[in-house]
Amino acid sequence: MHNFDQTISTLSDISQSELHHFGIEGIPFPSVPELREFVDICRSVLFPGYYGKNVVTGGLQYHIGVGVEHLYEKISKQFMAGIAFAQGDDFVEREVVRDAAKRRAKRFVEALPELREILATDVVAMYRNDPAANNLGEVILCYPGMHAITNYRIAHAIYQLDVPLIPRMITELAHSETGIDIHPGATIGPSFAIDHGTGVVIGATAILGHHVTLYQGVTLGAKNFPQEPDGSLVKGIARHPILGNHVVVYANATILGRVHIGDNTTIGGNLWVTHDVPAGTKLFYNAK
Amino acid sequence: MHNFDQTISTLSDISQSELHHFGIEGIPFPSVPELREFVDICRSVLFPGYYGKNVVTGGLQYHIGVGVEHLYEKISKQFMAGIAFAQGDDFVEREVVRDAAKRRAKRFVEALPELREILATDVVAMYRNDPAANNLGEVILCYPGMHAITNYRIAHAIYQLDVPLIPRMITELAHSETGIDIHPGATIGPSFAIDHGTGVVIGATAILGHHVTLYQGVTLGAKNFPQEPDGSLVKGIARHPILGNHVVVYANATILGRVHIGDNTTIGGNLWVTHDVPAGTKLFYNAK
Amino acid sequence: MHNFDQTISTLSDISQSELHHFGIEGIPFPSVPELREFVDICRSVLFPGYYGKNVVTGGLQYHIGVGVEHLYEKISKQFMAGIAFAQGDDFVEREVVRDAAKRRAKRFVEALPELREILATDVVAMYRNDPAANNLGEVILCYPGMHAITNYRIAHAIYQLDVPLIPRMITELAHSETGIDIHPGATIGPSFAIDHGTGVVIGATAILGHHVTLYQGVTLGAKNFPQEPDGSLVKGIARHPILGNHVVVYANATILGRVHIGDNTTIGGNLWVTHDVPAGTKLFYNAK
Amino acid sequence: MHNFDQTISTLSDISQSELHHFGIEGIPFPSVPELREFVDICRSVLFPGYYGKNVVTGGLQYHIGVGVEHLYEKISKQFMAGIAFAQGDDFVEREVVRDAAKRRAKRFVEALPELREILATDVVAMYRNDPAANNLGEVILCYPGMHAITNYRIAHAIYQLDVPLIPRMITELAHSETGIDIHPGATIGPSFAIDHGTGVVIGATAILGHHVTLYQGVTLGAKNFPQEPDGSLVKGIARHPILGNHVVVYANATILGRVHIGDNTTIGGNLWVTHDVPAGTKLFYNAK
Amino acid sequence: MHNFDQTISTLSDISQSELHHFGIEGIPFPSVPELREFVDICRSVLFPGYYGKNVVTGGLQYHIGVGVEHLYEKISKQFMAGIAFAQGDDFVEREVVRDAAKRRAKRFVEALPELREILATDVVAMYRNDPAANNLGEVILCYPGMHAITNYRIAHAIYQLDVPLIPRMITELAHSETGIDIHPGATIGPSFAIDHGTGVVIGATAILGHHVTLYQGVTLGAKNFPQEPDGSLVKGIARHPILGNHVVVYANATILGRVHIGDNTTIGGNLWVTHDVPAGTKLFYNAK
Amino acid sequence: MHNFDQTISTLSDISQSELHHFGIEGIPFPSVPELREFVDICRSVLFPGYYGKNVVTGGLQYHIGVGVEHLYEKISKQFMAGIAFAQGDDFVEREVVRDAAKRRAKRFVEALPELREILATDVVAMYRNDPAANNLGEVILCYPGMHAITNYRIAHAIYQLDVPLIPRMITELAHSETGIDIHPGATIGPSFAIDHGTGVVIGATAILGHHVTLYQGVTLGAKNFPQEPDGSLVKGIARHPILGNHVVVYANATILGRVHIGDNTTIGGNLWVTHDVPAGTKLFYNAK
């Protein structure tokens, strides 16, 4: 018969490892399934009838009313979880954390109409951008770009409420499902479109204007990471590109550093860009 | 206490938004989980014993008989859903849609043996192509390329039956799981292989011969999108590459536009190709 | 009424196809959901409190004790499944396979403390590497690179126990979730970091030193596949790169063949490398 | 290896058995899980906050609105199922059945406020009747009598709409959960109470006034079953007891046949009653 | 913080208690959910179209073929579990137990057609017996008596194969769902009917002829339990009643001991019978 | 199209009904599924290896350790729920309720060893009592009497901690599953046995000595309910029987009121007892 007592004892000796986390009683832990469900409810409220249960004409307000209550309840708990997780050993009091979480959850709910407005511009942009798209509904239902942008816009709204951890978890959900990795800190204008999308990376301090279109494999990344005198990385520096309005970046292009890409610019596929590009430029690879 | 009545009321005011969908009573809505289950049943019928329940020698016909009935039932409903979704406000009559859906579902079922034949060539191609593969079963079970090709071939068969929306949803399932994005409209010959596969994109009008092999990150895309006089994109133009037989395209190469890549051609990794390539060419990057 | 008897009969005629698998009674079949659960339990044991149920201070040993028993039971079955699958028609005796599986499962469990030690170095490396990371916990919870490396290290430990099929299935799980494709046969030193990660490919015979960092889209692949006289591929050749210590490879770079990349080397983004690179080199693309 | 072909073939020979049912395409089959869910939604609408999700003050109307839509949708399908099942081979047309089902489902929904009113009297009666009850909520949450009466009242409302099969399935759900077997055809006035309840049987043509209380094991049954000349049972005869108002029947008493039990009567435990009992009687067993 | 180490330690000290069971590796444990699923599959095979998935005309043989394979697989495992459980410390060898289990499972499958034949007589008897029944299908779908008899007949067939424990678990499933408690050892002829049924108890050595009908609360029990000289109960004595053919026992009657109730006898409700009753008797209570 | 706005509006008008419950934010609601899971975990801790996962020799302490933590966590929440539910509008403060709940949950956990001791006597009593029982394990696994007694003993321990509502919900779980209705307030000595059990009722103030055995349908109930001057029932009166040690009550006997049944007494089946019975009496029905 096997006997694993020695192995179990070693693994239980936490003096040897930082890779554990002790929960605070009465405080939920950040939960991927809960956040996935939260985002699903957001979708069912923002795009009623496309996600979640069928919706009938007369029933819309009830559907949305229940959805809003439900997502408020879920996200309050996850905000608590995120705040407590970030406080770690500095955690003070359950009721204080709970109140902070609820205040921000309320503000998130109140921001939903605005969220829907900007997402509507994205749907139209995605539709206009793809000759294969037959109608807006198809974009809402099937397009991974739309999926990732929705997660990003929800996460960004939460990021602006200063909730730690949760926004990143929400964009990672979309990253896993679509291969599109948008940092919730990025600032992205309306009418944003991503086609195919696998491999897209948008960094935390990137700024994108309106009517920007990205194709698969595009990186808007950092060029280098300045270090503190002690060798650790300097945090919080603006280190990702700024794209103007009506910018198109084709497949697998890489734009690195705090460069400015002017309005109405096209960056060709596979390009490697680390300098500013003036407005109106069409930059292309010399194909072989 | 929070009160979200104002927010709910705004979100329920559909005069301000096109982002909703009212169901037609008695007509199912296109469903990702249903389609996922449908594809799983297809797999269990096409590769019995590899997917779904264990299969015993004497029980094969029963297993397949039940699988076929089951997938017919599921796909009939989803075909109804897709047809009604595409008709939108032009929707006329439930029984007409139902009959159309069932006729096509029947034809799909009858095409299964043919589907299995071509998939068998893909399995062999994938196996031959990878020195790390130990047997055909490993390819069927583990290879994301095989997974994506199976979804594509099922979706393409449905695409040829003129069912809207559903084929795209089926290839997007594989896109999400494998990072391989094959449009169901693409035409792909037998003995097709994809290795690793993350980031592969194959456009709607691409045509691939037999014995084509693609590596991760390969794009077979459009070069540009001609516009109608009113600025909208022209739909339905042949705009993606044609690859001959025995063509290999290495990692991260990009082939754009209605170019012809001749038989027995090799396109090296990271290349950017927007012109025709004659048969027999070995095109490589000048490595640094 | 439809009648599919002809189709069913054709599909049941296995004389026409190799795409089926008959189970051996009393031997489990390799199962993706079982392996996913196995990896989840490993995570809950290696990072207690981050995955699985909440853990309280006094309860750690019980939590780990149950987790270890549970994963031992699950992996024993999957090892049986993998060994029997590989034996195929050469399968001899259930009890022999069972014993072999259990011996290896026992050795896997005993290797868990070592696994945790090396994973701890990876967590720290990932944290140090990303200016956006706030603490180690965030890396453990959210970072797809960490997710993929954990699967790889588990799979590699199993690979070293000569269990067929199962290691590959475990890394494919991570491949599907993160777009990061690491072959379980690769040898990777401690303090390994992957950022963003979508599209990363690391081949079966690659060897990486300690403190290696990879960005999204990096391929460490084979350059060509020597053939046997009969046209089949030669198996088992060392055909992937060797990277030294403190090597950084930026986004979308491709390194092919059995080349040596020396210590303290930096390979710039989008580069195509098929030759050795001496230690200390900083190789960069000439940006346009 | 076992071979069950002969057994399977015998079991598939339906010429030998009536014990099978072929579905009508597009018509759902009566479903116990669907009906269980339907009754649960009814409970969540009739007793909001006690069943189903938590309800907040401002959210009540949304909760009920969604519940009502949801139960309407579910019960329409089950009404279709019941009507088609009863028609059997006389089934004519899907759309006719669908319309009939929807009309009745609509009438059921409109009867919900009335249902709630009468159930409110039952809750109060159960509470008053039990010295161990602490509040109305406890009765709603825990009392099997309340559970069975709710199912009965729902089923009876459906029975009055002439929907076949479904009412009986709904009371059988409660029978299985509580041991209380009330035929949906019985007529029962308000303020009805059952305590403990296991073994209670109330026949199809029984009539109970208001403020009736029954204890466990009470049977209100038929005394005999007149036969037609051909030996089959005569259907539809009034064959069960009539109980007046304010009648109490103690544990395990049996009342059989179309007898009249007058107002304000008490029937003692274990009694066997097959004759009329005048109003105001206190009938008791001579205990040993 | 709580600390339960002392409690856990006490509960883990098995020297103080017999209430634990250590599993034998590779031997399944008797499982209520598995047996519930097994009985459900039996129902779907014996009454195709009434239970489990919808069945279409042409699909019957496939449906039954898969059902039979599936139930064989499940019951083989549970037979193993039951045999090993009964052997306890005398357990010898896994493969021996496995073979014994599979032989009996095979015989059970082969007995299914016979089971269906006798169940068909029960369905007809239940239908004839109840003036409220509208058709055979209603009896199959809704009647708890039919439910309990089906479980009993399945369990009895297994009991006759000398499988320990499992038959009792199967009748207890029905006991819990219907309140009808039939010991799997009882011998019951065809055309058996139970109406309402809550509280019915039929002992292990009872023998019932054909066309027997029981109502709710009927006990066919033992009168006394002879003891061995050491005070323990004598096992295996015939101690329950024998009922002839065409016997009816009304609600809550109790028949105890090895008494003979002759053919064509009627036992009235609430009666207490401990002596033989000659054929043709109509025994009734003197109602008050 | 249907429009249910009027119905919804009526149902939402809570001024007309008391049948609703508004949750307190951050306080869980009493949950049947949570309590069912709680009782299952208790079983897996009290009878390790019989319920829940398989247990191996060396793993017992881990199994029990995790079980104890898990049930503590679950029952703390349900105690909160029960306390808050009982306070209703008098609810004061979340943290006070939480602390009260946790203190009692801790005491419940500490009582588990004692619970196991008394349950062990019940198992033996049930085994000794039934000539059909083959071993203790069979009693633990299959006997509904054992199931109901376990729920009762757990519920009674909680009842003694002054937690409202929850104990009753736990005994009602068993009532639904077994037809045995034991009020959690009843006092029952060790070595208690119930055979068959359907229809057994034991009232809130009943007191049973050790070695008491009950058969199906036995009621230990109240004889009458004294009223307050205002017509409401007097609460809290001792109104149920007291049974001495070594008392046996056969099937369907009814004992009502605060009567004393002396030691070593046997009450025959179907009897109706409302007076004291001296020790050593054998009371039997005069069978016809």
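In order of appearance the chains are A, B, C, D, E and F, and numbering begins at 1 in each one.
In this section, a residue touches a chain if its C-beta (ideal position, glycine included) is under 8 Å from a C-beta of that chain, and two chains touch if they have at least 3 such contacts.
This structure is a prediction, so every number in the text was calculated from the model and none was measured.
> Comparing residue numbers, which of B-C, A-D or A-C shares more than half of the contact pairs of B-E?
A-D
> Centre to centre, by mean C-alpha position, how many angstrom separate chain C and chain D?
57
> Rounded to the nearest whole Å, what is the centre-to-centre distance of chain A and chain F, using the mean of the C-alpha atoms as each centre?
Roughly 50 Å separates the two chain centres.
> Quick one: which residues in chain D touch 2 or more of the other chains?
2, 4, 8, 25, 54, 56-57, 61-62, 64-65, 68-69, 102, 179, 198-199, 217, 252, 270
> Please list each pair of chains that are touching.
Pairs satisfying the touch definition: A-B, A-C, A-D, A-F, B-C, B-D, B-E, C-E, C-F, D-E, D-F, E-F.
> Give the list of chain D residues in touch with chain A in this complex.
53-54, 56, 59, 61-66, 68-70, 73
> Under the touch definition given earlier, write down the residues of chain B that touch chain C in their complex.
For this pair, the touching residues of chain B are 45-50, 54-57, 60-61, 64-65, 68-69, 72, 102, 106, 109-110, 112-113, 116, 119-120, 123, 128-132, 134-138, 140-142, 144, 177-179, 196, 198-199, 215-217, 251-252, 269-270, 285, 287-288.
> Could you pull out which chain A residues touch chain F in their complex?
Where chain A meets chain F, its residues are 1-5, 8, 25-26, 56-58, 62, 94-95, 98.
> How about chain B: which of its residues touch chain A in the complex?
My answer: residues 2, 4, 7-12, 14, 17-23, 25, 29-30, 85-86, 88, 164-165, 168-169, 172, 175-176, 179, 181, 183, 185, 198-199, 201, 204, 217, 219, 221-222, 225, 232-237, 239, 252, 254, 256, 270-275, 283.
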